[in-house]
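Here the chain labels run A, B, C, D and E in written order, and each chain numbers its own residues starting at 1.
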């Protein structure tokens, strides 16, 4: 009995290109209506997995199920998924409206309904009035929204997005992140989203799969992945990884091994003798570097016990004048023990 | 008497492409040894200004001075500046070493000296051992460093960098930001840096010029620009702009007008009756949205008085479980009055 | 590529069939070069290598080949210079009549060869003759260059578009004047395009007969002209087959080299 | 996270050394050229325009003028007095219209046949073959260009003869088949180049949106590669329109416009009339070029 | 000669046009070191095609004149080439020679300066296509007739008349061939001369409007039955061998080649007679190398060279002593070289001009450019 509530199920998925094993065994279940992110460095196989789900590549081994139905051997046009391509892949010889109508036209939806649904889709991505333009006359963000409308208008079971925001500039990107997220909530379609931007993955998704070298390293909610990374790779890739090891670990934590604590978990006490609570750890050091970043300031602190830690401190009440004066200051770093985690190398 | 300590001086610089006025009058002085950023949205004319300084475009009006000398009419090869291009523009048919040696070769520097200086430059960007490779065999970050070495080896008066980090992925980008900044300190050359990433501009530069529609909106240190934006555009572009206006402004601040306060300046009190200090303002509202971003959480709060404010809160001691539970909670936002600033529309 | 298995198979089949169609006549040429029959009777009446030895001993073939090589090289050289200049002008400058320049360059190849041939013939005779310059190899080169320019122009134009100006700007930025830039950066980056288009230009010139007929002077016998003259002599026609077969085989070498060279340098 | 820099950094900015040396004449020339785009343009355009614009167009114009003259029928010398007679004859004598239409038909047929054969081949080359194979396939398509045109035409004569491989006999159809064969590579190469430029993602997008092979072809591939096909057709069309040799070899008793031109210049030594007849293919080609110019095809040749 | 025979007609030059006044060379001087020729393929072989076939190098050694040859494909190309003024001598056929003379492109030849001229068959000397008003404009080179050839296995009974190719109801529809040149109109005229005496054709190269129209109509009807027109002999041989062509005009050499390749063919001179050609070496009026040109003229009709050319090309030699020099002793018989009776039935190609060549006055004849136009119309 196929499980209807699972939108996508991958079993033992593999793909080799000649000697290169791009995807080296991926098992994954994505629930209906999830906003799911695939995060990983360049070349880790995210795109390849997406393309196997869409049907552009056929797996070397394993299977792809959509809504409980095995589609491994089906052609792309037989699958109930749609893709927003990284380069948008808008048809350059068609107007915006024709692009959006394309999928309906192919499915022989009547003229009137087609027009109506396409117009609605364009409205949902806030592109009313752009119907007659050609893709060349749009900005990057607008193109991305056309691509989105073109996929959404078909009401697919799953929408695949391959770094749809990669080409946009930061400001626009942030705006689009919010829009995309809202849109997904509105339409309720499962979004499978590829990105190599950790913050994007953390802020937007319900769950994240972290890829490395063709394998999934960890699957979990943003908080799970960020706060309890299961491998050193995940710890390093998702967020800044402050490592304390060797002598320093012994001196500061009283233990052997390699430990990590996130920069934002550290409290910077200007008094080197500041008290350390029972459930806390502390370390004394010198501020080597102060980087003002608007909303926050990053301090690089050289520990007396050896090693250096990055500290992130929100600029709530301090001004930049105050923080930059801290360069060279003796400080004590304090953190709650529960925010340390051991790294298994 | 030309002012030797001014590396770059732009006077009334304008550039039109047909009907498009890409640069609409720019006056700017950049001091010797500064790390100067030009920040602005896409199409605001940053690249065009840079290209006029390098000599690739000739201004429609105005002048460019380098080290006190008017170079407006000089060809690129007559100017003492070097550029790191956005796409690096490495010569694909030359090895890394040949690329770096190019400027010296053209200037007829002897073989031995050339080799020595190029090797030193490659060392300074940590690319020893890559001399014989071709650009195609390098990763994005490595290419960027070759481009840097190629420019630096000429010891230009000013180094122009057009979004040198734009093509890198986030992780690499952060690493390169640090490297670039240290390199500049080391060599002491004036860096003129184009970016559309606010955080990049804030963290790296000594001063920032914020561009909009071909004009400079504001010039200042990162803190000046971030904390005392002089126009609504700057306020909005550099950091998130929380606006309080109309009825809400009257109710909360007791004043007419439009005011802004940065999200990280807001304190989120879970108790709606939390006390508000004498030099503080407070507003009561409901949490509409909680976005977990790893190191911090963003709350969107709908004020009872009207309007919505974004609150940024470092995840120092809280875990994601705790923060997400806050959706729908009644909260009081408190901030120090000195962090409010009036926006002149 | 999302094509059904059937479609892939059909396309591959079409490609294979197309190649068969292309090569069967060439195979016949090769076969006929061993055909004992002097007028290519089909099926071949017997096997002989005497045509090959005749071709080997024929100084006419060698002279004609050499003439063709000279004509092709000359035309290609001119086409490379003119085509490159025109491509730079069109790609790097905006000016009135830019479209017309493109059209003008296409014209010699778009108009039937016989028109170009008689027009040039007429012009040469009325303009050059008063100066005592007759038709000769020079006029063949001029005629060929005229229609070869387009291949170079279009190839270089495409390459210039693709590579953009970045590398050149980088070079200028590093202190190189435009001449140095051209030598060290522009030219090496365009080399494969020049090579490919030069090869095509050479091939066009090498097999041209119509314009050649009208522009060749006394004693100027390019290979196609030699073939033309000899194909219609019963004793010589088989030798012509030998020459053609040899050319096919030999042509793989320059094409392969050019492909290799352009393949390795044009990855950008 | 800090980056330890090596002890010997790049020397700090030294006072500009580059400007100290007086620039050589070449650099001064380069700098002057830099400031005068117009001069640069003129230098670039002078030679090509002199060659094609003045010499070639001039020759064509001179030929066209000749069409209004006549020849002394016995001595064959040009008589340089204006007359409409040549054009009058070309336009009123029916045979010229017949031949022109026949030539046009042949050119169109050859172009269509080549397009139909070349397209799937080019598609398979560009989209199904590995890069390595692609290189070999391009060689395979280019190679026949080096085998003499005449020899290939004769090979077709051998194949077409009634006891030959095909045995279709000679005539107009034989001419069309032979010309199609001869010009096929000129059609394959531009289409191949055009398809290579077509991003795979567009084809995938079409498939993703539910378009099967044929539909994706009609709605996406065809409109986007049309300019390349047109570029190929400029070759096949003009080469067919001007041919007079292949038709002599396999054309049986038919003649094309090229033969008429050739007979009049080669046989009758009547350059004026030949020029008048030659105007027909020129006009056809000019109309064709004008029609296809907007597609951008002329730049894909 | 017989009536209407090309060899015997009244010399049109006598009453015909007056060529431009051009002086013939009076005496030979020093050789200029080279000579530029326009020749039919096979007339000036220098061993480059077949090392054994070479009479150019011996000439070069003997005379000190280097030979540059431009091979022309048609008579008309020859005329065109000669008009460029770059060439010193040309092997003009009868359908080119008069044009060359009339336009002043070639000069009269002082036959005394060509010692071998005395051995040339009388039937070739001072003919309408190589002389004007009794002044020789060239040295005859060789001759041949346009024969009727047929496939003996396909055409029965064996024809003896051109009717086999002109009969509209021919059973060999689509399998006939004809020579692809305007001059072929003369073949039709020749046929009409015999079959429609009412038209009053005396010379197939001198046709008035009515006669011309009749010939053209005949050819237009013939076209329905023609499979292909031929102009080069590889094509002709191949067509006869493959059976794509079963009957049509031919040259002796083609017949010989086809027979050598074991094709069942036979060629005859039909009862109506036939057209034919006789080529003439002429010297350009503005020759830059006249002495070498004269030396070439003498060389090429000297018995040995004349025999070599004739054998290689496949025609009857013009020098009566050449028959002794041929490699194939039966050669002169095969080609009827000494058979004046045979050649009396041959009407050699002559350029049609407005002035009727048969001596008629008061009517205008169709000139060659009209023949050319008509030929285009005939082919359709």
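In this text, a residue touches a chain if its C-beta (ideal position, glycine included) is under 8 Å from a C-beta of that chain, and two chains touch if they have at least 3 such contacts.
Owing to the predicted nature of the structure, the values given are computational and were not obtained by experimental measurement.
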Practice task
Please state, in steps, how far subunit E lies from subunit C along the shortest route of touching chains.
Solution key: 1
Problem - Touching both subunit D and subunit E (chains) - result: C
Handout entry: Pair exhibiting more inter-chain C-beta contacts, C-D or B-D
Key = C-D
Practice task
Please report how many Å separate the Cα centroid of subunit B from that of subunit C, as a whole number.
Solution key: 53
Practice task
List the centre-to-centre spacing of subunit A and subunit E in whole Å, with centres computed as mean CA coordinates.
Solution key: 90
Handout entry: Overlap residues in subunit A, where contacts from two or more other chains coincide
Key = 55-56, 75-77, 240
Problem - Residue numbers of subunit D (touch at least two other chains) - result: 1-2, 18, 27, 30-31, 34, 154, 158, 161, 163-164, 204, 207-208, 212, 265
Fill in the blank from the handout: Residues of subunit C that touch two or more other chains sit at 1-2, 4, 40, 42, 175, 177, 228, 231, 237
Problem - Footprint of subunit C on subunit B - complex, ascending - result: 54-56, 75-77, 81-83, 85, 87, 89-93, 102-103, 105-107, 136, 150-151, 154
Handout entry: Residues on subunit C engaged by subunit D in the complex (per definition of touch)
Key = 1-4, 7-8, 10-12, 14-15, 18-19, 21-26, 28-29, 32, 40, 42, 81-83, 85-86, 88-89, 92-93, 95, 99, 101-116, 118-120, 122-123, 126, 145-146, 149-151, 154, 157-158, 175, 177-179, 203, 206-207, 209-210, 223-224, 227-228, 231, 237, 240-241, 243-245, 247-248, 250-252, 255-256, 259-260, 263
Practice task
Spell out the residues on subunit D that touch subunit B in their complex, using ranges where they run on.
Solution key: 1-3, 5-6, 8-14, 16-19, 23, 27, 30-31, 34-35
Practice task
Please give the residue numbers of subunit D that touch subunit C in the complex, ascending.
Solution key: 18, 26-27, 30-31, 33-34, 37, 40-41, 44-45, 47-49, 51-53, 55-60, 62-63, 66, 117-118, 120-121, 123-125, 127-128, 135, 137-152, 154-156, 158-159, 161, 163-165, 181, 184-185, 188, 200, 203-204, 207-208, 212-213, 234-235, 238-239, 241-245, 258, 261-262, 265, 271, 274-275, 278, 281-282, 285, 288-289, 293, 298-301
Problem - Residue ranges of subunit B touching subunit D (in the complex, touch as defined) - result: 32-33, 67, 73-78, 80, 107, 117, 120-121, 123-124, 126, 152-153, 155-157, 175, 178-179, 182-183, 186-190
